[in-house]
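Two complexes follow with chain A in common, the first pairing it with chain B and the second with chain C.
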Partner chain A sequence: MKRKILLAASLAVALVLGMSIVPAGAYFTDTTETNGGVDVTITPSTDIHEWVTQGVKHVVISNDADATSAVYVRAGVFTSVEVDISHDGWTGPSNEASWVGPTDLGWFYYDQILQPGESTDSELIVDTLLRKKAEQKPEEGVNFNVIVMYEATPVLYDADGNPYADWTLTQNEKPAEGGN
Partner chain B sequence: MQIMTKRIGAIMLAACMLAVLAFGGAMAWAETSQAGNNSLTVQLSGAAYNDQSVTVDITASDVEYDLYQIASGEKDPRFDTWNYTWDITAFASLKDQADVADSASDWQDVADAAAALVEQNSIPADKQGTGGTAIKELNNGLFLVIPHETLSDKYRYTFVPSIVALPTKEPIEGADPEVVKRDGYDVNYPVIGTAVEYGAWKNEATIYLKFEVVPRYGSLIINKNIQSIAGTMANWKKASFHYHIVSTADSPFEYDNWASVTVTGEGDFQGPPIRHIQAGTIVKVTEVYEGADFTAVGSTESDAVTIIADNEDGTMPQNVAQVYFTNTSDKKIIEGSGIQNEFTWQDGDWQLAATPESGQINEPTA
Partner chain C sequence: MKTILRSPAFTVALFALAVVLLGFGTVGAVQAAPTLTSGDYRAQVQLTDIETAIVENGTVREGDNKLLTTLLADNGDEKLKIGKAYKTSLAVRNTGDIDEYVRVTVRAYWMNKAGTKVLDVDPSLIKLKFGTGSGWTIDESASKGERTVLYYSKSIKPGQDTSSFVDSVTIDGAVATAVTDRNYDYNDLQFRVEAEADAVQTHNGEKAMTSAWGRTN
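Up next is the complex of A and B:
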């Protein structure tokens, strides 16, 4: 059975999810079956932004306005020090507020699909607990790194029009889940 | 933490002077009154006074010092003591301070003042010596010893200036166990006691330097080679790789941190150096995250490397510790990157370094 793959959110999906309706011309649905796989011209175009206030990182992922697909995003935190991660709007690897690294690549998945031009309206907040660390009277010059990274993958749709993500999908490969 | 310099001097003079005043007797002073008949040997005491956990990795012979005669000495004809004349012009101003010094702390202050005169007036040393080797033919009098700061691969050793009297007296064995021995070594503490606790005047003096030790720090560089970006998505811009840096079980010091390298194409890249790792630490680096769209070529764990101390001017040495990783595109339809923040404790607060950028270090081959 040929598999149809719809890349980028369709208008119907947007309505179901309650998202703002984006003019169809801003993105397109591709049903190509190049070599039975995914068209390489449909690619995410995203970026990560942050601002830091008193050691608290506020992280936002954005899908470029001229992107050609909606995306799922997920984020990870790498650090060897204790941090508090607030992730309302994200589903994390743990329901606990504190996160003591290092992470075993536990991902925080943003609960919503990002359409082109949209950003995660719920920040991933990483509090590096600087005050608590200062109370330990560190040596002059002591340093530590906190890394927040993200991944984005195009939204895929199964035969019933349900969106899903395949984080292992490669170009020229049939999606592993959701299609039939 | 900042190492607070303690003012611990080791001066025989105060003890000797007080002891012989209490004794109050005349003693023969025959050959000890001859000029140029003294020698001085500088040794190290057993452990750093500011960090007893440090394994000392220098010997006395690694320490160089400057020696200055600051006052002349003449044996008192009636009492078992020496009288000092501040007739050396460069240090004559210390007389008043020295005349009232009657404790170890006081004499350390005199030593510090003398060292300050040396620095302010660029006074050349009378002699220069190396620890463990005697300087001979020294006159009778008071001498200032200024040891040079000494570096090992792991530590910086600093010393306070000392004043030593030649000839000298030392506590006799058993007079006061707490005084005679310190850290397993005879020490030249200013023992305040009676003359019966001391032996005869000695022309051959040995002083044991107390020292403060602070760690030296070095850097680590993570190198990244991207063999190919072929097959990455059409709008691919960059990718970040994330590394876990951990000290090995046999490392003398512990370390645990993360670092990123961001690449923008094919070729060789270097992440920003990871600084302030204690010199001598042995680390392994693991590429935990291979970058969106990329897969590792070869091992994702480096060999163990030892951190080498940075140069004194803060630059990295030529043999700075480096590790290498190689990746190539795996053609996934994934996009991603990351942001690394470095927090450093400086001047009583956490400073956030600007997100460091990785640099491409050569052009990719065609």
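Up next is the complex of A and C:
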């Protein structure tokens, strides 16, 4: 008798569940899917080339990246004496500035974007001897340093696609896993 | 009793009864015949068809690697410019023959050249401009990380498109500053966008959405 009751109860439960499933499958539905992507390449790689002839330092910066990373570059000149800077094609610390004095750090910004494989067409020329004011020339026999440093930053774009450089960016570097 | 059964009169009576019964049977058949041949009715059964498609700038996209294939060219570029807002229009089209409600699930993530999803970079640097305000509403409770779920508040008629649920794609400039051991984290990665559209009938729409999606619009 108990078995019959159990069978009847099971049948009732199955029927109830069956009734609840039927409406769920009764509605019309459809699904479609697609995907796609675009490659991102960020490999800025720049190098500085400089040489000195008769007290004049010439600076050229090149973009050695072999991929698609265009960069903006700038050169910083730091000296212990006053020097003349020829910077056609570069924007100096100010429109008038053509020299950098002792303890100054003058940044000169190359006006163009450097595409991979390109170099600055215009040399940045640091002349240590041709100061216009004779009294500011370094004396013969006196040792002095002219330090040129350079930086590059990837070209960024605004929403309309206009390029710009953000020199405030700093690399958010983290050590490689397992590295020191 | 035996006498009655053997009498000629009874035999005649039985014969007469048989004739009468046969006569009624014939009449019945005659009456039934018109019922069998009348009423040449025709019934047409139409099977409703619900279908949906994702369209990119008006072109149907379906399957793997079909999306964003012309994103750069459509915006006048050969190579991706970081920070630039690349305009596009992703929408849903009703390609069936009944009205429907739709929702979309959009996933944006990074993938390496081996085709593996990269999990230790930031999917939020893939900036998608969603078409909210034009009928699409983001389901904040179902959206998290790389996934965004949007519902379209209006029904779509057969052949019609929704407004766009994605208007533009921008890669944040922060990808140019993420470096690990002097290697750029996002170099040689591909940003991916996946879109899935779900459609449900508008008839008994609330119940249909509850059944298919677990919620109403």
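The rule is short, and it goes like this: the second predicted complex is superposed on the first by the 102 of 180 C-alpha atoms of A that agree within 3 Å, B and C clash if a C-alpha of one lies under 4 Å from a C-alpha of the other, contacts with A are read in each partner's own complex, and residues count from 1 in each chain.
The rule is simple: a contact is a pair of C-beta atoms (placed from the backbone, for glycine too) under 8 Å apart; a residue touches a chain by one contact, two chains touch by 3 or more.
Here the structure is a predicted model, which is why all the values come from computation and not from measurement.
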Which superposed partner A:Gly106 touches (first chain B, second chain C, both, neither):
neither
Please indicate which partner A:Pro154 is in contact with in the superposed arrangement: first for chain B, second for chain C, both, or neither.
both
With the two complexes superposed on chain A, say which partner A:Thr170 touches: chain B (first), chain C (second), both, or neither.
both
Using the touch definition from the top, say if A:Asn143 reaches chain B (first), chain C (second), both or neither.
first
Overlapping contact positions on chain A, where the chain C interface meets the chain B interface:
38, 40-41, 43, 153-154, 169-172
What does chain C use to touch chain A in their complex?
48, 50-54, 61-69, 71-72, 75-77, 79-85, 96, 98, 100, 111, 170-171, 173-184, 186-201, 204, 207-208, 211-212
The chain A residues in contact with chain B across the complex are 38, 40-41, 43-48, 50, 52, 55, 57, 59, 71, 76, 78-80, 101-102, 105, 128, 130, 133-134, 137-154, 167-172
Counting only contacts in the complex, chain A reaches chain C at residues 23-24, 27-43, 68, 153-161, 163, 166, 169-176, 179
Spell out the part of chain B that touches chain A in their complex, as residue ranges.
1-2, 217, 231, 233-236, 240, 242, 244, 256-260, 274-276, 288-289, 292, 330-346, 349-350, 352-353
